[in-house]
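Scrolling down, you'll hit the structures one after another.
One chain, chain A, links the two complexes that follow: it is found with chain B in the first and with chain C in the second.
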Partner chain A sequence: MFGAKPFKRKMILWPYLFLTPTVVSTILFVIYPFLANFFYSTVQWDGFGPKVFVGGGNFVALFRDERFWSALVTNFLYFIFVTALPLFFGLVVASVIARGRLAGTRFFQSAYFIPQVVAAIALGTIFRWIYAPLFGVLHQVFKIIGWEEMSRSWLGTPETATTAVGLIGTWAWLGFCIIIFVAGIQKVDQALYEAAILDGANSLAQFRYITLPDLRFEIAVVLVMTSVQCLGSFAFAIVSSTTAGAYGTRPVALYAYQLAFVEGKVGYASAVVVVLTILMFAIAAASLFLGERRAQE
Partner chain B sequence: MKKYGWFSLVWVFVFVLFLGVVLAREVKVLEIWDTYTEPNRQPVVEAAIEQFLQKYPDWQVKRTARPLEDMKTAVMAALAAGVGPDVVLVNNGEHMMGPMVRAQQIVNLDPYAEKYGWTEKLFSPSLWNRAKYTLDGKQFGEGSIWAVGLDAELVGVYYNKDLLAELGLSLFGSVAELEEIMDKVKGTGHTPLAVGVLDDWQFFHLYGALQHATLAHEMGADAAQEYLDDLVIRTKAERTWKESGNVEAAKRLQEWVKKGYLVDGFSALGGDDALQVFLAGDVAFFLQGSWYSSNIAQADFEAGFVLFPPFVKGGDIPPQIGGMATPLGISAHSPHPGMAAEYLDFLAASDRTVELQLNLRVLPARVPALLENIPENTLYYDLLVAWNEVNRVNRVGHYLDWTTPTMWDTLGEAGRNLLLLRSTPEELVEKVEADYRAFVAGRSSQ
Partner chain C sequence: MKTKGIVLLARYVLVVGIALFVILPFVLMFMATFREHTDIIRRGPLALPRRFSLDNFRKVLFQHHFDRYYINSLLITIPVVGGSLVFALMSAFALSVVDFPLKRLFLLGVVSFGVMIAEVFIMIPLFQLMNSLGLVNNLLSVILSSLAMSACFSTLVIRSFFMGLPRELLDSAMVDGATFWQILWRIYTPLAIPAIVTSGALTAVWTWNTYITPLVLIHDPDKIPLPLGLALFQGQYVANVPLIMTGATLTALPPIAVYLLLQPRVVLGVTQGALK
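== the complex of A and B ==
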């Protein structure tokens, strides 16, 4: 009896002990930088001299900044390519793989997933060679099949550059979506499908009423992961290795980098990053909220 | 026992005293933060450190080398906290030098420049203005020296000697002759000029070279140099981009596009892609910087290098785009700036540095470059001859994106629209002028 109390206390402390490294690193590397960045967003600072407090001045300037809005529009276009298209095609392909009883399912899963293990900067370089005029793979393919007139400077004209960069994102994230959705579909109770078949439901109805509702968590995860990547590092790396932001391809993250490290406007760049972070949080929260709400229904 | 006790105590005392002396002895360390990671710069840095340690054997050197933007971030954080290296990266202009001078974070190098004779030995006066700011840090291009680079860069025209010989063409002596040759090259089914403006700086160099030549033709070469210094480095309010030479250069460039002088797909090629296109051997000219010379020297054909020509044959050499390697300065927090300056002298001006630079085929900061041991009719020989010539006439032109912090974006976009024939030359100049005026107005309101 006497020994039970200290033992219990020890049991209560153990989980905190395990949590401590994560909590400390989160405070040091996430919360503190975010708060510091928020502080910098309220000052005018070139990175070297004194910091002049301007309050919300940087944010006011931001909303009048054409370059910021242009970068934000570019980000929304990337959202279509990096989030919406992989989500849609990922669902379709995953349904075929997981429920189609195809031979070589594992091969398809691995093949689609390969782009995920390639560094974004390398993807950019590879696609720069693919899209290149004169010696690019795409140009050569069009030449071989006699569609030479279809060949153009994909990364070199404003009409095609954003799409060309965006499609790299689609290719890169499709595999991730497929893996997550295949795993999700495989955990659905097969009895539900059997009952639906007995009730005369066709494949589309099975997908609409069984597969899709059961994938709500997976869809939320995919939405969070792809949209955060789209707004943050991924587009940054791809663009900096393809067009360097030319022809309307520069996302907000790359614009913030330009402001801070090229133009010497560290305070203003921090304001851009604050807005970007809030946007990421909003998208992530909305995705998770939708996922959970569907779960409660 | 008592005797032994005292004896031990004395020994302990002596040991503690010895330890104190050792620990109290100042550990003399020269800390260097640079960006010279390239294979043709690394040996020069290592040799400079070796020379420094030979002269000061009781010193240690701690060097950190990182890419430019990484290093800039580290320098910003360190100097703001009052710590950091003795020898520090100080990129030119408002990128770093201006803010660092205003924040009094770097040392005025004038006394050291005088002591070591840097201004006499290194570069021409027209290049030194890139390392200068007034003491209050408000005016770039004038005042004191704050940094020094270990080597130099020069933009000019690489040409395929074999192709020109095969087509029976000789080298140009003017812009008009260059155009005539490009016309003939085009007529034979070859490509006249390799360029890749997916990297904005390729446009800056192409337009800049033509602009410098056009301005020199209209104003006179020395007046053009003065105008460009005022415009790009000093950002003088009384200067304007609305000079006919600037419009004329843009017009001529559009003509080059219309006549098909530029390689197909130039808008989707980067600088390195354009280099590969030139190296393939089917292109006559490649207008680029000396940093590509080692790649081009490896080509399967004979290549040469010449300065961008004057507008008319026999005219004065126009200002030629060039600069010094990303320079280094001395931190104001350094406890031994004199030693840091000594290292900078080894790095930029020593005989060993020049010897290595000539072996590594880079442009030495020490001018004129010695040609005795360089084989004639080689690309490097051409490059050194051009470099000496530019320094002799004292006309080192400018990278136009230096004009304002936002000029890279403005001129990059305006340039692409110009080359895609989506805007007029006048519109390009209007856009650039608007950017310039906004910067000048912002500066004078501070």
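== the complex of A and C ==
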């Protein structure tokens, strides 16, 4: 780092004053609720009456809760659609389009990012129509290509609902992954590729030995972003606006919300959130570890 | 030479094809706003609109309360963007130009930690807290919690910008007898416009799109912001595709406009944010 180097002075007060608005509001409205959630997870509470301390009781109950496990499995399936598929296709597409800049493609690539700036509720709303039986878009497409009997209520059938919801995530995150990976590949020294070509390496070998190791950091970023969204607010909003959690599409976050705000099991719901929190931090830590290693090599 | 041409063509087809794949749902949404439900049933969802009437927009805005939702979304987004930028400029300045005891604690333990905490983690205690403060069903509850989270994010973006400014800037201003308060607002802030635009645009887009926080804190249908209004609306009017798509368009259009206007900065900001 160059530029301003912090310097020492005797007992200064103003930095604390300047920090007060941000620090106080963050402690009050972000960090306190975050910590309180851990405390809530140890009590039995309907949100209004007295709290009864149950220790790890909520977690023991959680372990035997079928609805929790099914939500966890659903989240795992979303992980495939929201994280694994965009990551895989993003890498493949980016390595095809990023090498040797394609003139005039900037305009098209700017479209890739649009799902990122639109409310997930609106995305879910559009896809609810696309997947709708009778007057839905997919139904019409199937009709045109003559597979009408294959068409169904994609979101209203347990066999297809989770996949249909998950594919919305694949669609929404593919462009994001491509943009991050294209930026990453363009930073790679092009001479490496030229040397590899001289050595007779085919494109698969170039991908395996140059592109993939050099994109370790970008892959970590994509892993963190997509898995946080797949466990958190993206999946929550997409599911809320498409199936409302029916037909096995309910993720853990939505289950916690419904426990707390519909069923009035506040303590138990907080235990679900604790598991979610640990899961998310573990995934983030693992991904960052992966990305960090590259920086040290 | 010929195969090279084919490879190049294939790459162009891929780039354009994916762009179309990403945009198509939005095009369908937008086209549907000009049609009527009976027309969708009769001519199918893929047919082009026959005329361009803004009837559906008028209906959704004025008969289905989207005007109210718009106002609520603005009442939340404007103070959050403005407030968080002021907070962030102050804290970023303190965290970049001087050393003081507990600095690392504030930077890592509060600001960086605050950025990592997702809405889902805090939704239950946040409701309890706002309830005990009597702020449930008050837009202030959403504003306060969104403001805090955005201030942390913007602090990091603006701080990394401040760190890149030359030391002499601060020194010469201090020789001239300026106070830190004056140095921040008169010298550092005007220079930081690019970082302010990036973090402001992202804060605006994220706040506009937030769903969980207002879902938990606002139950009065007169006070809900757009995403909640859209969810409520589509639950009630499932059978009228054009009206629902008009609602979705109204929700989606302002952030898309911000994105297209400030595009490189927004992409950069998200990438930076992701890299943090």
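FYI, the second predicted complex is superposed on the first by the 257 of 297 C-alpha atoms of A that agree within 3 Å, B and C clash if a C-alpha of one lies under 4 Å from a C-alpha of the other, contacts with A are read in each partner's own complex, and residues count from 1 in each chain.
Note that in this section a contact is a pair of C-beta atoms (placed from the backbone, for glycine too) under 8 Å apart; a residue touches a chain by one contact, two chains touch by 3 or more.
Just so you know, these numbers come straight off a predicted model, no measurement behind them.
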item: First (chain B), second (chain C), both or neither touched by A:153; value: first
item: Chain B versus chain C as contact partner of A:40, first or second or both or neither; value: second
item: Superposed model, chain A: greater residue contact from chain B or chain C; value: C
item: Which superposed partner A:247 touches (first chain B, second chain C, both, neither); value: first
item: Partner chain in contact with A:111 - chain B first, chain C second, else both or neither; value: second
item: Contacts of A:57 with chain B and chain C, given as first, second, both or neither; value: neither
item: Which of chain B and chain C A:128 touches, first, second, both or neither; value: both
item: Touched partner set for A:261, first chain B, second chain C, both or neither; value: both
item: Contact residues of chain A, present in both the chain B and the chain C interface; value: 47, 128, 132, 134-135, 261, 266
item: Sites on chain C touched by chain A in the complex; value: 8, 11-12, 14-16, 18-19, 21-23, 25-26, 28-29, 32, 40-41, 44-46, 86-88, 90-91, 93-100, 103, 106, 110-111, 113-114, 116-129, 144-145, 147-149, 151-152, 155, 162-167, 169-170, 180-181, 184, 205, 208-212, 215-216, 226-228, 230-231, 234, 241, 244-245, 247-248, 251-252, 255-256, 258-260, 263, 266-267, 270-271, 274-275
item: Chain A residues within the chain B interface of the complex; value: 46-50, 67, 128, 131-135, 153-157, 243-244, 246-247, 258, 261-266
item: Touching residues on chain B, where the partner in the complex is chain A; value: 69, 72-73, 76, 79-80, 94-96, 99-100, 102-103, 105, 197-200, 263-270, 273, 276-277, 405-406, 408-409, 412-413, 416, 420
item: Contacting residues of chain A [partner chain C, same complex]; value: 1-9, 12, 14-16, 18-19, 21-23, 25-34, 36-37, 40, 47, 93, 96-97, 102, 105, 108-123, 125-130, 132, 134-137, 139-141, 143, 171, 174-175, 178-180, 183, 217, 221-222, 224-225, 228, 231-233, 236-237, 240-241, 253, 256-257, 260-261, 266, 269-270, 273, 276-277, 280-281, 284
